[in-house]
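You will see chain A twice below: alongside chain B first, and alongside chain C after that.
Right after this comes the complex of A and B.
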């Protein structure tokens, strides 16, 4: 949308020295920019720059109408370069690249100038200075645009096969989903048996099936399919290649096999938090156990009909929540996150205990109860069936005192006006959370980023929840963070869908803004290969000569290799020396 | 440091409040209670003490007796945990707890209560058969020719001493428990005396706090039940006074008229509550413990048999009069001799708690204004 008050300028110079025809659009951003930058003055200052054919201001460059106008201008004036001076490229780079493409202009001949985050918002106290800076930034953008050339994304054929690491409920479910889409699956499981944690779980909510039944049904399905290979007692020991075509080495007890896969799903799961010696009496007396240990006890007692511990029937027990979760950040290696599944698991276990013997008194010592969603009914049932909930403050956790074979807990109950309570029970169950697995070999192998919490990190928690910064590598289940089995399966199906979307298309398109070698100058010293964090540079040859070779699929265009080359033989597409120099010149030139 | 006793709530649940475990501590009950104030907040606090089994906090709190069970809390409970029902169950439990040697247990067990009542009835009946005059006046109805005045006098004296003894012991036990509580205000003897008079007038004779409950329909019947009984008691004293202590003779017809009026008032009060409990249409009448029924039924029958006795006497039917007299005496015996152990005891505990809590001086509504 061109602003009526601000008449657009078009140069009728056809035979400019550079021979380029650049269109420049300066955005008001509805005041975000124009409140501090005199946008019209910027346009006037750059309108007569050599090579600029169209220079306009616009209220919102990203609006449909403005984009339409840009497209029309590109076609009418036969532009071969486009500059939009607006917001951060993080926001709208792809918007205007798309507009360029729709107009028939190569999208890589588009340059975005960031006038908002890098100028108007940063200099709200100095409109005049901001305007001068804007003129230079736009001039630099024009200088860069004049040196752009048409580029094509790199197209890579993909291998229609997926590697899944981990055969827990997430890995198995993803494998079935992929196999049904006609994609071959290789599953690698470290343990000698598939099934993971869920295989050991007792009766599950709400269908009362136990974990083993769930896993058996998945494995039964798995064996029905011919395009799934399951390696147990195996580990991935080597990974080469890139998205669409990884080369994977798998080591089993007998052999080492190699497979080519197009995508990798990491579903390596979690570890149970292990309380340290003396944490709530753990290790000091056998009557303090963790929730997973207690669940095993409950499961075996269900058939017997009585709940016994060390040969004695249990009459009362206490659960202590948030053990190993929501720890204060000040602690060393603190697990500051909420483990999410444990409230539900503990309350559900309490109901199973009531089923065995309703006269057992159960006390729940908690900080906050988070039986979210439909699990709320579990909490209500537990209350109604006699579970008593006692709330302690974060800074005043319960104290467990083992005393002549009987356990005593001292706790201040916030629900009883901070009353100090003394509680004697036969058993204490520590409701432990999930912690990340020790997986450093795999982490090094896949170069996957780890979050602050120690779990694998996604790109975007909401919009790209199963993708990682490594193209073609996805995360699923509790490897990403605490989840219950339903949530794990959901995330694993999402990862399967993303992997399938990648592989069924048959090819991937990669950004062409990567490094390239000036073969005349290169004398292969290897410095660039050392500098490359992605192992994208290897020694190649040109006839007799040894030169650097860049794997287009692996190169991310970070530019790390460019400055280390003593021969100045490496360049980055989109950021060539000429372009950067031209930009510096434009920035350094005093505006008239 | 309060010791948690998990089995406590199991015991209370036998006396009512069957759903109290559903409580999730939202505090709606306390927010809506018209009688909760800064000093005494209930029922939520008492729910917590009950679920955790902190007995001493419950017996040491006058709070139980400050509640008149209007049922607002139970009606507004999002979990339908019936906090009012718990307060009632706790009062039943407290009556047991304050009784000497926990004799009151006899009246709160499912079977023991019925057995006790039957045994007492048989004992009273046997006593009357034994002490009756086998040759009463048969030409006209003279009740005192059937059961002698001397016997009545002696039996009344023994019973009076029995009741007084237990009442005093129970008062002692309760005061001891309540004064253990640091939150019970300590006041000067002067203030205690003023408080005593205030409680006597406002809470015993007028029952003002009951009227402060949002639901005040029960206020008048309850007052009637109290005054009916108190009036009949007064009438009996007057007759005894004329017979033994030389009270002027004109008091005899006064006592007669008083007896008729208060008898009617008692029948109205007791009848109202019996019907209320039969209909079960309000939260406070949803659940009736055997002790509730027996208390009301004895009260009602005491009034009713007194009337029937008078009617038979007026019709001058000797034997029906004597039988009605005997039945009346058995019922009154049952009612009075068990008073310190049954629901009747609340007539003692409630004013006492109000007095010690110092809550009678100002009603919540006066405080608010």
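Right after this comes the complex of A and C.
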């Protein structure tokens, strides 16, 4: 593939009334754009636009060679604005901002025009229409570029200390990782004891250590380190400041302490799904219990060598899978997601039961089973050791009927062509999933974003999996969604790495595309401050007058304050009235 | 077919060859990726639809919407963040208020409020976006072309002192 095919160039160097010197590059994208957009025609249409000094087409604008040419042009023609019309800004906004910066042009004087996702690819049925649209889009990009000004990111020193909320396996592991990188750690745990759920877990796959042993080894390591402080029975009650320097108030039973921290990791974990009264007989008979309850029973029975319930040995039991998970969306507060750990946990528990007494009959009633990765061998072992797997249909779940002190289950077995089975068992285990923890105080305090499933939300599930929209606040473990303990630890180490990367650098640079106040117009009514959930606007003063003041470190650049101002005194950098109106005008103008 | 009571404005355009011009305000992190996805999936919608991305639909000024109609757009569509907004938990309500205010504002200036439409478009809402565009396009076709501002030299309310100079080269007056 050729990367350096650029096409005829025209350089209209002329004195321009706006005084601006804009370079425009229109990309073929190797045919992705040029197959449907007459790229040369677009160039001709915009080349003589006032302020445009260089207008070129290029086969691949993102190629090294093309970027180099752009850099040379910026320097040779002393460009003060750059427009690249290529793909979506999600792909290459930062690529070309970088190219501008390398050439000595302020990166905020770069404008990306989306000719691929929002033009050529959307109008493959209408090349003429796509070309006309491209001309308007590029003209709007030029109009915006002409109204850009050089901006500098806001630089903020950071405090080399991290707050971790939650001392479960995720929080503890992240604390050790940070401490070893030389970053001081404050851990806040709501319970009186560190360790979280894992501390209560029975023997774990594959190393057969129990949860308590794992947590003890982490706590042992923790106490070896002087730069970790653990508060138990404690809660975060106040947060001020912003990324790099949050001021945190922690309340314990004895005192309230204040710490300054540069980053926050939220590792508050999950809650077990609690079946409602009557769900598969739960609450109606004591012989229907949840998986966590059953695991406690199994763990305590391992030493005894016999599995008993209510003083009677268990001869048969049934597991019902997906209880509280994968619920139909139509249900109120439905948990529509798969809890991901529970198939593995139930199958693993069945193996532990077999270890205690191999003559116990175990029936697994499931909709679908997912023992992914290494856990697949657990499933095979369970089959081999006599567990019976019975698949039911989503719309025909098993029915639990208490009868003569025993439990009867009716279930239609999909794998034997819908044959109706009746099972009599001593115990029914509901394989319950994970649900989000009720944490509204913390959510309000940190302004944490919550996803549709009720768990905390990352910025991007693949590219930024532990960062939140609140700069400097990271999420780890099951607070983000169902995970097993290995996955929790992996995510907590990712969060630790992100927090460390932020703090070891010593400073953060914040986007300058934020709100600003027209101090002449502002009469301080306070409406903008009310509209800002980030508390980025406060009352300031200009001489005698009260005016709105924007905290550059707190403003997220959403513009939510802009339309609420009755004086029209608030503007968003990069989206000013002048810029938006110039773009609208260009987009509305028909090319002849 | 339709009555031609707009002949004075629509020149010789008939309803059939009237291709409504739609301005879409999208949002950088939510609806714009959804609109990108429509293109990546090669879903078609009229090329007279153009998109102007902003950070959040709650940052939209009603006067920009009026300005778009004054400049010749037949309709303005707000591709709102909805409940997915990364900034504002009450974004849906805020954008709805802005859309309502914009409808009132354009009506005060003699434009039909139906020329302003809002719907939440999520980051994977490719098909819903395309369906909205087709439906809005049809609505605007039945409304007819936007009429020119009655009072000449109208500028946007609460004035934009530094509005850019008209680009005479591209403005070949028809």
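Here is the rule we use: the second predicted complex is superposed on the first by the 515 of 592 C-alpha atoms of A that agree within 3 Å, B and C clash if a C-alpha of one lies under 4 Å from a C-alpha of the other, contacts with A are read in each partner's own complex, and residues count from 1 in each chain.
Following the convention adopted for this analysis, contacts are C-beta pairs under 8 Å (C-beta built on N, C-alpha and C of every residue); 3 or more make two chains touch, one makes a residue touch a chain.
These figures come from a predicted structure and were not determined experimentally.
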Figure out whether A:290 sits in contact with chain B (first) or chain C (second), or with both, or with neither. neither
Looking at A:385, would you say it contacts chain B, chain C, both, or neither? Reply first, second, both or neither. first
More residues of chain A are touched by which partner: chain B or chain C? C
Answer with first, second, both or neither: which of chain B and chain C does A:316 touch in the superposed model? first
Taking the two structures together, which residues of chain A meet both chain B and chain C? none
In their shared complex, at which residues does chain A touch chain B? 316, 359, 361, 363, 380, 383-390, 410, 413, 415-417, 419-424
In their shared complex, chain A is touched by residues of chain C numbered 21, 23, 28, 32-33, 35-40, 42-48, 50-56, 58-64, 67-68, 71-73, 83, 86-89, 91, 94, 98, 101, 156, 158, 160, 162-167, 169-172, 174
Once bound in the complex, which stretches of chain B touch chain A? 1-4, 6-7, 9-10, 19, 21-25, 45, 48-49, 51-52, 54, 79
Under the stated contact criterion, what part of chain A meets chain C in this complex? 17-18, 48-50, 88-90, 114, 116-126, 129-130, 132-133, 136-137, 139-140, 143, 146-147, 449, 452, 459, 469, 513, 533, 556-563, 568, 572, 575, 577-578, 580-592
